[in-house]
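For clarity, chains are labelled A, B and C in written order, and residue numbers in each chain start from 1.
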Amino acid sequence: MSVILIVEQVLNGLQFGVMLFLMAAGLTLIFGVMGLINLAHGSLYMIGAFAAAATAEVTGSFLLALAAALAAAAAAGAIIEVTVIRRLYAAPHLNQVLATFALILILSEGTRWVFGSFPLFLDIPDILSGTVTLPGGIQYSLYRLILIATGFAIAIGLWVLIERTRLGIQIRAGENDREMIAVLGVDISSLYTLVFALGAALAGLAGALVGAIQSVQVGMGEPVLILAFVVIVIGGIGSIRGALVGALLVGLTDTLGGVFLPEIFKVFMEPGAAQRSGSALAAMGIYVLMGGVLVWRPTGLFGVRRCI
Amino acid sequence: MKKLLVTLVLTALSATGTLSEVRVGMITTLSGGGAGLGIDVRDGFMLAIKQSGRDDIEVVIEDDQRKPDIAVQLADKMIQSENVDVLTGIIWSNLAMAVVPGATAQGTFYLSPNAGPSLLAGRGCHENYFNVAWQNDNLHEAAGAHANTAGYRNSFILAPNYPAGQDALTGYKRMYDGALAGEVFTKLGQTDYAAEIAQIRASGADSVFFFLPGGMGISFLKQYADSGVDMPVLGPAFSFDQGILQAVGDAALGVVNTSQWNKDIDIPVNAAFVESFQKEYGRLPSLYASQGFDTANLLLSALEVANPSDMDAFRTALRAADFASTRGDFRFGPNHHPIQTLYAREVIREGDVYTNRIIGVALADHADAYAGDCAM
Amino acid sequence: MHLNETALNGAILLGLLSLPLYALIVDEPYTITLMTRVVILALAAVGLNIILGVGGLVSFGHAIFFGIGGYAMGILAYHAQTFTILDFGLFITDGTRLMPVIWLVAMAVSATAAFLIGILSLRTSGVYFIMITLAFGQMFYYFAISWPEYGGEDGLSIYVRNTFPGLNTLAPIQFFAICLVLLCLALYIMARLRRSPFGLALNAARQSGIRVETVGIDPVRLRLLAFVLSGTVTGLAGALYADLNRFVSPVMFSWQFSGELIVLIVIGGVGRLMGPVVGACVFVALEHLLGGLTEFWLIILGLILLGIVLFDRGGIIGFLTGRAGAHV
């Protein structure tokens, strides 16, 4: 196994990781500020991808498609927040899980009703397609490099937003003491709608960006949702920094595990069986990682111990 | 659970003789992610029933949601309460494995319009089970044979890590004579293949064979096209079907895939089928639609001869396969699986629509590898 | 306990018994099969209700035990069916077709799994507990899919239902009776358990772990015991469900199924004795009736679920008895 291949796989892991981060950031923000578990976050990812595919089909512009994804997911998020989610903040986790589970059913089948049962087409724009040669002679997809850069740029943007802006101060205050910031005259319910829409927009953007290299289809959100949960649990729920670290850990573990575990197994097994058992173990890899982290630190890597 | 009672032609003309009514149960996937395939099978099947003009066939259609336990319960319901004579419709092998053994053991006929797991072709074959599509390995075997024809000597092969995926690679290797540059099992439902594509690039292979049904195949092809790796790709028809080709777009152009059917098979039956399907539903028929259509025509041909209540006569009539198939010659082997010609097709673009054209025969008059294990 | 609720519980049980008998008389065997599904799902949810309703911990991975129970049946019956030897190192058997033996194995294996998973998971609480149980569920799911010996994703078919001495399990009504007796037994144990010192302490630990700790009870131990008990009952239900369908597959391990079990409990009423039973009845009925309306019936199901949660009145039982919360 050459160095080039290893570097390439690490890049793949990073790319997967930053896209997970976009999902996980919204999820963890919503949990941190409102204390809400949102299973329907994957549906917002799907809505972003479908909006992008439909817009690209009509206009032919990838940028417009991204804008549409952001707008559609944010709008869907805001509508969901105002009509349903708002009533769940004080409810036990059980009700939140169930209500957002119901939202998945409604949004998935609703999308199928509008767009039909077949996958939609969304492609990388021509100027971003193809590969570039990196130092060391590594050929790597330009689009994936841009995904990595976008992911890190958004991570920095989020950090600035939360640490350096007025809205960020309100968000952080909301995490610590809801009643207090309401008393101080912040309109808490529009703050919540805003945070929810922001999280939704990030998910929608991830859906559109990833939709260009994957299949845009009903149900595409659920596998990502589960991975995003794994990410925020590893990172510590409510922590953006934790989400970034967790996302990169999960991305790298999943990608590298899938490649290297079968190779390792081949050392002491017959190739066919090694391939099968190696990939079986790799499929479970991130869950083992999550279990391990939680046993070691029950509130995740960057989680705060809070009374629940 | 879906209950669409489709009664065709409401009241029979009183002049028609009183044929005893035949009840057909269709269990297929109509909701959720895999609904496209079930809808195609259903539409193809119902088109043939409609064209037959027979008013004495009642088709009960139910949605299995792609869940095996639901499928089993629907089969129980259709056999116990609806008293169906014939069952059909299941798309997925795991659902077929759950339903078919029980249904045939209870004396119901089962006509498979899509799934053909190896167990049901071999040791687990049954006299009441007929497969009108293919044994699961067939299209992969055809791909292996085509690889030899095309002169590939060093293939990289990949499939998801589940039984159908393992069968696919076995099927390919059964016919393919060259060496393997790599063999990879991916996670079922995986959507990112960057890691595998990097391995392909590094492997020094001269061709790639993949079996990744549904959305997995779309993702793989898009990412492969973007990766700059340009060795030829080869796969079974499932990833190049009419329903999903439009979602793959240019990335699929020129890719060779294997199928027992294509819309340009130049026989009148097929031309009429393609035209009438397009007229009825406003879209091009898929592989699955053709299978649904053939399944219904097989059923209709047997009903001309015997009623399902006369099981022996009906079985003999089914076995004769005396119907005009959209794929031309069609007959059953001793295990009630098709012996048929498998073609190599190439993805092309016709105006705005991506579709396939036949470029040659991959395997002529091909039977499956498990027939010998079947003691019927 | 409210008299009203006791009467209601009696009425529910009576309904559960009389509907299949009616179906038997009018010769509608499928209704009996459907009712058997209700009873088995209810049993699985009764199991979950121990940890969720009484213990207050939302397990999003109970499909694990359902699946283990299913595979215990599948594997034992598969070896008996093919006359092959099952070698587990410690003991060697050629499988069995006897339901009682299968049930014992299913419960023992589920209990062991619940013990191990519980030790790790119960270190966490709240959302983390939901997520770690979900993660364990996914581990089992992927393992089952890629485990070729027993069918992988295809699952395992058992051609004839397993046997119970003295009964003909192939007759739908007799198999239904077996399941109903087991459900009643589980309900009886559950009713006793809630009033036992263990149940009361568990209930107290849900409200405040610190408070029970101060009187010298270790809340983690309590919860572990509850989790094991909970998994055991759900495991038994899994074995029955596999026998109902004569089939097992990794779908039994899926997170969607864990979600469905939670749905059953919330529909019926969290922590209510008969909550899971009512929930299972309503869920199966909805599935059956809505499916006939439209291809997009899941949208309607989603709206109904949403309604139940948003207008939380303690589920259907809470609504009928006019007492919104047994707790919370």
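As a convention for this text, contacts are C-beta pairs under 8 Å (C-beta built on N, C-alpha and C of every residue); 3 or more make two chains touch, one makes a residue touch a chain.
Just so you know, these numbers come straight off a predicted model, no measurement behind them.
Peer 1: Compared with chain C, which chain's mean CA position is the farthest off?
Peer 2: B
Peer 1: Tally the contacting C-beta pairs at the B-C interface and at the A-C interface, and name the larger one.
Peer 2: Top pair by contacting C-beta pairs is A-C.
Peer 1: So how far apart, in whole Å, are chain B and chain C when each is placed at the average of its C-alpha atoms?
Peer 2: Each chain reduced to its C-alpha mean, chain B and chain C end up 36 Å apart.
Peer 1: Give, as an integer number of Å, the spacing between the C-alpha centres of chain C and chain A.
Peer 2: That pair's centroid distance is 32 Å.
Peer 1: Please output the residue numbers of chain C that touch at least 2 other chains, ranges allowed.
Peer 2: In chain C, 142, 145-146, 148, 296, 298 touch at least two other chains.
Peer 1: Give me the residue numbers in chain B that touch at least two other chains, ranges are fine.
Peer 2: In chain B, 31-32, 161, 166, 185, 187-188 touch at least two other chains.
Peer 1: Could you say which residues in chain A touch two or more other chains, in rising order?
Peer 2: 108-109, 112, 276, 279-280, 283
Peer 1: Touching residues of chain A toward chain B in the complex: what are they?
Peer 2: My answer: residues 2, 4-5, 8-9, 12, 15-16, 108-109, 112, 117-121, 123-124, 129-131, 139, 141, 143-144, 210, 212-220, 223, 255, 258-259, 262, 271-272, 275-276, 279-280, 282-283.
Peer 1: Spell out the part of chain C that touches chain B in their complex, as residue ranges.
Peer 2: 28-31, 33-34, 37, 142, 145-146, 148, 151-155, 157, 159, 172, 241, 245-247, 249, 251-252, 287-288, 291-292, 295-298
Peer 1: Which stretch or stretches of chain C touch chain A in the complex?
Peer 2: 52, 58, 60, 120-121, 123-128, 130-132, 134-136, 138-139, 142-143, 145-148, 255, 259, 262-263, 266, 270, 296, 298-299, 301-303, 305-306, 309-310, 312, 328
Peer 1: Applying the document's contact rule, which stretches of chain B touch chain C when the two form their complex?
Peer 2: 1-4, 30-32, 62-63, 67-69, 72-73, 76-77, 80-81, 93-94, 97-98, 101-102, 105, 117, 161-164, 166, 185, 187-188
Peer 1: Along chain B, where are the residues that touch chain A in the complex?
Peer 2: 31-33, 35-36, 39, 161, 166, 183-189, 191-192, 194-195, 198-199, 201-202, 214-216, 218-219, 222-223, 226-228, 243-244, 246-251
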